[in-house]
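To start, the structure itself, in structure tokens.
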Amino acid sequence: MLLPIVFTIIKILIIVTVILLAVAYMTYAERKVIGAMQVRLGPTHTGPYGLLQPIADAVKLIAKEDLTPDMVDRPVFIIAPLLTMVPALAGFAVIPFADNFTMFGMEIKPYITDLNIGLLYVLAISSVGTYGVIMSGWASNSKYALLGSLRSSAQVLSYETAMGLSLVAPVLLAGSLSLREITLAQAGMWFVVPQIVAFVVYVIAAVAETNRAPFDLAEAETEIVAGFHVEYSSMKFALFFLGEYANMYLVSTIATVMFLGGWNGPLLPPLVWFVIKVLFIMFIFLWLRATLPRLRFDQLMSLGWKVLIPIALANLMITAIVVHIVR
Amino acid sequence: MAEIILNGNTYSFEKGESILDVANRNGVHIPTLCYLKEITPIGACRLCLVQVDGAKRLQAACVTYAMDGMKVETDNEYIWTHRKQMLDFILIKHPLDCPVCDKAGECMLQDTAYEFGMMSEKVSSEKPQDPKAYWNKIVYNSNLCVLCERCIKSCHEMTGCSALKMEDRGFYNHVTPAKGETLNCDFCGTCIDRCPVGALLDTQFHNQARVWDLDETTTASPFSASEGDVVYGVLDGKIERGKSVEGFQISSQSRFGFNYIENPSRIKTPLVKSGGDFSPKTWEEVISVLKDRLAGCKPENTAMLMGSRLTNEAIAAYKALMGAVGSKKIVTEADFTKPAFMKKYKEKFGTFANIRRADDLKKADLIFVVGADLRHEAVGLKWRMMNAVIHNDCKLITVGLKRYEYDVFTNKSFLADGGDFGGIFEKIKTDNAETFADVREYIKDAKKIAFIVGNEYTSSCPQPEAVLSFADFVGKDKMSAFLVANDKTNIYGLYAQELFANGYSADELIKDLEAKNIKNLFLVGFNNTYTGETAERLNNALRTAETVVAVDLFNDGTSAKANIFLPAKAALEVDGSFVKIGGRLARVRKVVDTPGEQKSDTEIASMLAKIFKAEIPPCPEEIYNTMLAGKSGYPEVKFNILDSCLVIKTEPSFNETVYKYEQPKSGEKTVFVNPRHHSGTITAKANFTFRDEFAVQKFHFQQAEETITADTCESAAKGIKLVTKKF
Amino acid sequence: MQNMNNNVAEIVTVNMGPQHPSTHGVLRLVVDLDGETIVNVTPDVGYLHRGTEKLAENRTYHQFIPLTDRLDYLSPLSNNLAYCLAVEKFFGVKIPERADYMRVIYAELARVASHLVWIATHALDIGAMTVFLYAFRERERVLDMFECATGQRMTSSWIRIGGVRADAPEEFFKLAKDFVDEFDGFVDLYENLLTNNRIWKMRTIGIGMLNADDAQDYGTSGPLMRGAGIDFDLRRDEPYCCYDKFQFEIPTQPEGDTYARYKVRMKELREANKIVAQALENLPEGPIMTDDPRVAMPAHEDVYERMESLIRRFYLISKGFRPPKGETYQGIEAPKGELGFYIVSEGEERPYRLKIRAPSYVNLGVLNHMAQGHMLADLVAIIGTNDVVLGEIDR
């Protein structure tokens, strides 16, 4: 009775540690990769090839003075970053990283749990993250922060619809909401092939969900409002940042699981394939950031509502009709 | 009317004018380098070349007389090419010293080269590297010399010294002292001022500052009564150099002696003597001490000895102070310098002021210098006299105790053996010897006759009215100027404010002192450097007064006898005015700040007056406007428009002098004269040793001590001993 | 967040302070917003005011040259050129040919440098970070060339009254030739990233409209005017230096929006490159400083050896030359617009009054007009397209 609980706790610890490290080193990778695209070197000084840069950043952020401005709503102010970070981590509870395998005579399941409504759970949990954004904007008692947070939450809400609609199509193809089932269903052919439109819509919506360029108006430095986390410093600011990158990882893993076949792939072990596919999606995130200019907010909203949602709906309807005909 | 055509325009001129004179008068520009208005033209630089119709070569405008009907071009390309070539020749051998030359910034060669638009020399050449020649206080750099001869001519024609000459010819031509290895002249610095380049410079200013960094102030000379105004250049609150105003000259005292204000022995705080020693006090303390000691002072017990270093405004202020006290017992230095002569002078002319101006000497036809060693007493008069001699064909006759250094220019020079000036005059009037008959010829031919009378005469001639009676002989109509040379700064100011022979004389003061009648004595700027019986008796008698308040710069000399010493600002540190020879009202301007807590004389007078419940304004401007303007001949204008060009008005009369010649007694007479370059304690204080981390510097000249008798010096009169004073 | 037209608008005033990453320098904008729409933009300038025009009244003409460098500090040699031309007009100095060509080379390279900064910051503001780094990589090459020729990367004060300070070494011409050959390729690179980019077009087309009449009324000049359709360029229409010897086009676009101005400036980059190439090819031999004795500073070697040169240099530096009484004006086509110097002389060695007609100052006046009705996010794009530099505005 105790053993599964112990195993689960061990798995949770492993996954959380790996995610946090991965998030930290994603910042490093971003700087290096974007640097290469921009004809510059990125971090090189801290440690060999600058590999210790994230550690240095973490130490700096921890050592900074933790300011709480005067007129803020204190409980809300403190909870907001947590509300951004925790749902992103919690979403990883249902992601299957690899196929079940046996080790030491026991069957190891490389996922924390396999809910039969796994996808619904992920979508629900990541929506809670939006609260964190709104709360931080409100609690900061600054009209620029409020403006930024309202924009960001509007953006996230709009694109969530498109994201959800594009994700329903693979569900129709797989016939289950459980992420493990969906991965197993792609053993033959990855869903990206029949659902290429949904994949593209999903990637665009994912970029908008995570407030990344070209949809980063809400937190862009060169705009008038410096974003909803303008009043935060030290650890709270670090939590926002980590939350954002964790969110990026989450949507990348969802994309991998839903469209790119999860751990399926020849020759290499399943975990390695999983990691390669997640990193590929992350690379697309970085690539977009380096290349494209930023969209203005109204252009962003009109793209989401007037373009992506109709396409996702149309794709869904066509998929439904085809599936019904085939089945 | 003679006419000349310049560049197509016709101008009239008078006979004897050169083309350059005509051009300058009418605003036609011809560049020059060696031309100087005050001397005869030289024609050495050849920059004033002009094209004269009919002459094959270009002519130098400064030395070419204008002729009637002459056609002259001054401004075409042919002329400018040649002018530039001339300048090129000058510049070829001129070393590249601009960055290290003192003259840079006021160098005529720089200005002319720039004006001509010279870009680069066509012929390169090696620059000369001869060593500099140090002639006491003047340094000559022959590498920079452009051989314009301005220095030689101005020394010869303007100062009468003729101390410089040209030596060697061709490439080796250079300037050198005329007599001996080094200069032994007046060191008036006229050559320095006139040199267009940095060849002649004064060693005191050498390498001290850049001329454009200096703040320049023009002020009347605080040393001598006969020279022009001085321009002092100040850098960081310290006077670096003095030079003369354009068109005038100054003496060596003004040029080199300004450092007396920095003498370490200058008193900076008030001193009160207690128990034989002076102890410093603040001004508040000293005022309370003065209040105690001067309380209940009665007019008949209070006297004042006034000196000649004071400005007119200071004199007026102190006079008002004594007026507040109610006492008329003011004795000035005028009582000690030529008193007997001046009394007779007043009887004749009705005023103590000089008759006519110093500049009137320049227009005289015949000048009598009677017992005045101008080099030691009034250098300024010597220049104007030389100007007349050179430019006006004036005849010069000296009657003195020795022959003077400008003897070559005199027509006649008589030696008054034993001080027998009267005898010479009698001979001139009546004697039939050819030399005296010539003098009578001169007097007959001359229309303007000027007299200069000096210390030698008043010290040795037993009958002071001799020369005055001689003036009668010459005649009132012919006499154009009568000047009494005096070496004190503002002695004429004392005369002008009626402080001499006003009912209380030095003898009476000495009597009062000896009778212990004077309890309070003010010594304002008074320094007894005089010789003679009266002066010595005064020195002894000063001790009897109870309270002696001295106001001066240094507290050695007469001020040592004071109980209370108030330090005063020097003439270079205040505003005011002086009266110079000939009645010129010269403006004194503040040049530097005082190095301590001294106050100006007018401020001190104002402070003292408050003790006696009177109001005297401390500001010289107010004093002039309220107390001096319009009175005693002072011009009735506001103080701030005084500019050294106005004169004190006098209305002299011409009375007959009663005189009968008497042979003087035999026996050697001793006459005290000033040492070279010194006229009082102020110049003496300018010679001090200053030690800093780099060098030992001495300023100004040392006091020479010499005694001249007929035995040692062949140009001296018999029966006379000339001894230099020691300041 | 946007009020509909029926409601009474509530105007919120927001301050884009002097320290801000996207205002090009210390520019303060007071923006009145109705929701997200801009109602009024008031620029508040003066944070970089250094009293340049007043300082000119106490300096000789020669001493003022370094102060001109600091006006449009992104293209310093242009400012030198405008000032020196104005002063030379007093005397009617004839500049030797080689000096003229060198001046044109420096001025056009300065134009290239300035426009590279423009594209870098404009793109960065709108979000394309990479173009910033590419453009600055080219700018580094231009600054290296300046350093090779003048010893200074930016404020070099190299163009002097009467010519150029000294001749450029061989290495400069080699660097310049390489640069000129490769630069067109680089401009292609930038255009690749931006010109046909959907998002770029969405952010710039129709933003910051300025039609030809308004451009003329407001007195704008430079790419702002040419992007509105007015075909006027001082280099062609009132030629100075020896611009009439070169073949180049003047790009204009009729639309008058940000995208049009973008295209105008990109073309100007290419044309500047062309001019530099032509100048390098036809560069004549000869002196690089006039020999007019009224203004010319003698050559440095001569000063150490020749008396006249020493006197001349001493005089010119310690006292300065004196132009005749009068006034002059000379305008040049600076990268930002028409940069003009108006000098009044009273015959002294210092000017009596020196007025700088700064193009950015005039162009900034049209900011409000261009920003009307746009959203706050567009304001950054509009500032970028206006291409102001505070050194010029505030002087």
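Brief remarks follow.
A, B and C label the chains in the order they appear, each numbered from 1.
The working rule: contacts are C-beta pairs under 8 Å (C-beta built on N, C-alpha and C of every residue); 3 or more make two chains touch, one makes a residue touch a chain.
Computed from a predicted model, the values in this text were never measured in an experiment.
Distance from per-chain Cα centroids to the pooled protein Cα centroid is smallest for C. Across the assembly, the mean Cα position most removed from that of chain B is the one of A.
Averaging C-alpha coordinates per chain places the centre of chain A 46 Å away from that of chain C.
Centre-to-centre spacing of chain A and chain B amounts to 100 Å, using the average Cα coordinate of each chain. Per-chain CA centroids place chain B at a distance of 64 Å from chain C. The set of chain A residues touching two or more other chains is empty.
Of all residues in chain C, only 1, 12, 14, 16, 21-22, 31, 36, 123-130, 132-134, 137, 193-194, 197, 199-200, 202-203, 375-380 touch chain A in the complex they form. Chain B meets chain C in the complex at residues 88, 91-92, 94-96, 98-99, 104-105, 109-111, 113-114, 117-121, 124, 212. For chain A in complex with chain C, the residues that touch the partner chain are 34, 37-40, 143, 147, 150, 213-214, 216-217, 220-224, 289-299. Those residues of chain C lying in contact with chain B across their complex are 291, 293-294, 296, 298, 302, 304-312, 314-315, 318.
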